[in-house]
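Look for subunit A in each of the two complexes below; its partner is subunit B in the first and subunit C in the second.
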Partner chain A sequence: MAEVRIEGLTKRFPGGVQAVDDLDLDIEDGEFFSLLGPSGCGKTTLLRSIAGLETPTAGRISIGEQDVTRIPPGERDVAMVFQDYALYPHMEVVDNIAYPLKVRKHSKSDRHRRAGEAAESLSLGELLNRRPAALSGGQQQRVAVARAVAHEPSVFLFDEPLSNLDARLRLEARTFLKRLQGDLGVSTVYVTHDQSEALALSDRMAVMKDGRIRQIGAPEEVFSRPTDLFVASFIGSVPMNLLASTTTADGGLELAGQRVPVPGPYEGMLEPNRSVTFGARPEHGSLTPPDTPGAMTGLAVVAELLGTEHLVTVECGDVMVRVVTSDPPTPGEPVGVRFEEAWVLLFDTEDEQLIRREPAAAGDVRSTG
Partner chain B sequence: MRTTDQAGDVEGGEPVPDDAEPSDEAQDRAGGATILGRITASGFIAPAAGLIGIFLIFPALWTLYLGLTDVRLTGAAAADPQFVGLDNYTAALQDSLFWNALVVTLIFVLGSAIVGQTVLGFTLAWVLRGWRSRTRQVIEVLVILAWIMPGSVVAFLWIAFLDGRDGTLNAMLPFVTDTEWLLENPLTSIIVFNTWRGTAFAMLLFGAAINSIPPSHLETARLAGASGWQQLRDVVLPRIRGHLLTALLLLSMWTFNLFTPYLLTQGGPNFETEILPIYVFREAFNFGRLGYGAAISAIMLLINLLIALFYIHVLRERNS
Partner chain C sequence: MSAPTRRHEPVRPAAPPARVVVRAVVGRIGFYAFVAVAGLFFAVPMLWLVLAPFDATPGLAAEIPSSVTLDNFRAVLENPFALRSLWNSLLLSVITTLLIIAAAALSAYALSRVRIPGRDLMLYVLLLFSAVVTGTAAMVPIFRLVFELGLINRHVGVVLVLAGGLLPAGVFILKDFMDGLPRSYEESALVAGASSFQVLRDIVTPVVRPGLAVIGVWALVQVWGDFLVPFILLRDPNLSPAAVVMFNFYTEGGTANIPLLAAFSLLYTLPVVALYLFVNRRYGFRFYGGIKS
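== the complex of A and B ==
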């Protein structure tokens, strides 16, 4: 078990693609840490650099007390689970699980005992003598995890390990991974492009784009207070409403041609005529009768069933606003939309950053012009 | 039924539902109805089957028949060959030059097809796998050039290369020598020649096979701390064993039947490079003993068959 420290990591591929750009990151001992981002954001390159499968162009990586930047993968004491599981088709399950131990010259009885224990903890006990081809996708995935577990590394690295499973299995696998990691307490770096996986599994997570970390924090924090527009639009199974808006001279907001009050937390912080982006999750909105003061008014156009609730799309002028409600209006009906002020976020349209209440700290000065 | 390899490739494809029997798909496919009727299908196959019969099966059978006669290229026995039973075969088994040719051929196959083309081709493919595309392309083009040039052109180049007085090889060597390579080391020369010529094919084949291994398989081994040799032994070779055996089968049979060394040495000096195809040619066309040549050809056919059966047996063993 160990923490992972990354300092100034840069990876430029031949041909000029800059996958990771001067990135700093500390992953604490025993933490479940997710790297989340769209494809091409550098998250997999970062993970492979920690594994030693990529050589960084610049920067330092340390695991525990040891600087591993120039150390080959086999000596880093990490285990990786790949998206395609990387099971050897010619080996039985038990030999697949025990392969890293075999390379490290453990005795055969020791290998089989540890492989058996790892398999047992992942309910693979019955399948030890099968070939991978005779296993289902979910079983293959668990064998790949068992191989990492039997290795007893200081860090687990997961590269989208659940994305080849179907939706139902993915949920199951998510639960057992979380539990397993909790039981073993091994530091884990988990790469995914699925924001719901990152939210569900992580102790902390980082959202990446273009080789840089855009936000880092606990899942609740990243979900409820995204610090910029990219994170705001990327996180959430129902996308956040992000509406162009302008502050008015009388301390309100002009939103889709209508006037709404500035949300409480932002009162007195905004000068008139500033372009801001109004961000609010559909879950934090509610429907009101049309023309309610302080609410936006529009026409309900679609209501989609989410399960217990409905996602209603309301057309206000030329923008679409989405609200989750348990009592959907009939399409075509005029309705008012209001969001809980405490949850509304305002972003500066120009630099795309969240407008913060706290007076800027020394390193956080932003001109408000 | 699917082979182990195919079924192992579920990664990247559709996930197999949990606890499903992996063979469901295969059973569905086998149950499909035939699109063409038996007669229509036979009609389509007939032209190809006919051509195969005329150009492959008939000559082979005709050779077997000729091997049992004393037919000659010219003279009375050319006009009226007599049936001589197994005389040609017993004569062959008593001819020391036949045994010489067989031994030379086996050394030639072992040296150039197995050690040369297969081992060298595989080594090249394995070493080049991690190289950047440009360097690799240049090397591949050069090696393939050796493979696509006509045999007669290549033979001329090698005669020039190995010549004693003006040969390129002697000029390149750091010490002064006038070694006549084709006279002093004839068998080694044709082994090197054929290795040079056929390695490209082996390299391309093995390169494709190595590329078919998902990178994550090798990376998993690297993360476990496996050395290059361990990766090769534990991950690569078991996975491409089928490719390896098929390539060995093809390369050994092609080399066994190769006539091109004749262009370099004509089988000499003193029969040192007289491989079986050259022996057959000399007996049948230089000495005009067509019947005897046909008998030796039949023996070669038999040896080819044995080689093929051996590899097929090894391949089968793997799948069971």
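== the complex of A and C ==
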């Protein structure tokens, strides 16, 4: 068990692609840490650099007290679970799980005991003598995890381990991974492009784009207070409403040709005529009768059932606003839309940053509020 | 006339014109006739190979033996060169094959994993020219080369020339198998702490084993059946492989010794057939890479 410290890490591939750009990151001992971002954002390169499968162009990586920047993957005491699981097709499950132990010259009885224990804890006990090809996707995934667990490393590295599972299994595997990590208390770095996975699993998470970290923090915080427009648009199963808006001279906001009050937390912070982006999650909105003061008015166009609630799309002038409600209007009905002021975020349209009372210091991506 | 074909044809909205049907039928008949003749063309020598060795007086025609005998095989056993030549053939083909498998596996792995500009072009060019190396056209320079190296009349000369000629095709086939091996297999072994050698031994080799089997059998058959290279590079009949020795089976009268040839041919063929059956059962032949999952 160990913390992972990354300082000034840069990785430039031959051909000029800069996958990771001067990145600093501390992952604490025992923490479940997710790297989230769209494809090509550098999250996998960062993970592979920690594993030692990529050699950094610049910067340092240390695991525990040891600087591992230049030491080979096998000596870093990490275990990695690959997206395709990388189970060896010619070995039985037990040998797959025990392979890292075999390489490390554990005795055969020790190997089999530990592989058996790991398999048992992941309910794979019945499958020890099967070949990977004879397992279902979910079982293969658990074998890959068992291989990492049996090895008892200081750090787990997961590279999108759930993305090859179907939706239902993914949910199951997610729960079980979180529980497993909690029981073992091993520091974990988890790469995913699925924001719901990162929110569900992480103690802390980092949102990456173009080789840099855009925001880092607890999932609740990243969800409720994204610090820039990219994070705001990336996080959330139902995307956040991001509406172009302008402050007015009388201390209000002009939004889709309508006037709404500036949300409470921002009162007195905004000069008139400033372009801002109004950000509000559909979950924080509610429907009101049309022409309620302080609410936007529009026509309900679509209501989609989410399960217990409905996602209603309201057309206000030429913008679409989404609201989650348990009482959907009939399409075509005029409605008012209002968002809880405490949850509304305003972003500067020009630099795309969240507008705060005290501007964040330049380059301070680690501010955790 | 159209009745027999209608059964095989899917139901169509309108029956095709009679002329089209006639043409299709004639085409089919022509095709089967051609296949039958071609098949016969290959089957008759096979039939000879199976029947002649047991015939007391074999000729060049494939015919049911008038009197069945095993004397022809006794003649083979008594011939001073016959058994020795089979042993030579075995030695040459096994050693060449092992050399090809080892060298092709390593170079195919490297070529599959390392990006070199012009790699694929190089492979195609090598493949093209390799046909020349073991071909007739290059025999004079190859003879000179082997002569200068002092390898004339030694098995090692034959092994090197044949291995060199067959390697590019072997690398070519095997590279496809290597390309089909996901990198994550090796990476996961590396993270587990395996050395490059362990990765090769524990992961890569077992996974591409069907590919190794394919080029192994292919190389073995090529060397086993090769006549020209050992014929030119080996002077001593005691060193000659079966393919060359068979060429020298004459009677005292100076005509081809057909009883001896027939029996020897069968003995010469059986190992290859047995090998094919064995490998096919064990690994299954496939000439492409990829992981079954």
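Note that in this section the second predicted complex is superposed on the first by the 357 of 369 C-alpha atoms of A that agree within 3 Å, B and C clash if a C-alpha of one lies under 4 Å from a C-alpha of the other, contacts with A are read in each partner's own complex, and residues count from 1 in each chain.
Methods note: contacts are C-beta pairs under 8 Å (C-beta built on N, C-alpha and C of every residue); 3 or more make two chains touch, one makes a residue touch a chain.
This one's a predicted model, so the numbers in the text were calculated from it and none came from an experiment.
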In the superposition on subunit A, see if there is space for subunit B and subunit C together, and answer fit or clash. clash
Is A:139 touching anything from subunit B or subunit C once the two structures are fitted on A? First, second, both or neither. first
Which of the two partners, first being subunit B and second being subunit C, lies in contact with A:100: first, second, both, or neither? both
Between subunit B and subunit C, whom does A:307 touch in the aligned arrangement: first, second, both, or neither? neither
Using the touch definition from the top, say if A:165 reaches subunit B (first), subunit C (second), both or neither. first
Identify the partner contact of A:74: answer first if only subunit B is touched, second if only subunit C is, both if each is, neither if none is. both
Please work out whether A:268 is in contact with subunit B alone, subunit C alone, both, or neither, and reply first, second, both or neither. neither
I'd like to know which partner A:151 touches here: subunit B for first, subunit C for second, both or neither. both
For the overlaid complexes, name the partner, subunit B or subunit C, with more touching residues on subunit A. B
Using the superposition on chain A as set up above, list the residues of subunit A that contact both subunit B and subunit C. 51-53, 72-76, 78-80, 82-86, 88-90, 99-100, 103-104, 132-133, 147, 151
Over in the complex, which subunit A residues touch subunit B? Could you list them? 14, 51-53, 72-76, 78-80, 82-90, 99-100, 103-104, 131-134, 136-140, 147, 151, 164-166, 169
Mind listing the subunit C positions that touch subunit A in their complex? 182, 184-185, 187-195, 198, 202-203, 206-207, 209, 291-293
Show me the residue ranges of subunit B that touch subunit A in the complex, using the header's touch definition. 2, 4-5, 7-8, 10-12, 15-20, 22, 132, 214, 216-217, 219-226, 230, 234-235, 238-239
Okay, in this complex, where on subunit A does subunit C touch? 51-53, 72-76, 78-80, 82-86, 88-91, 99-100, 103-104, 132-133, 147, 151, 157
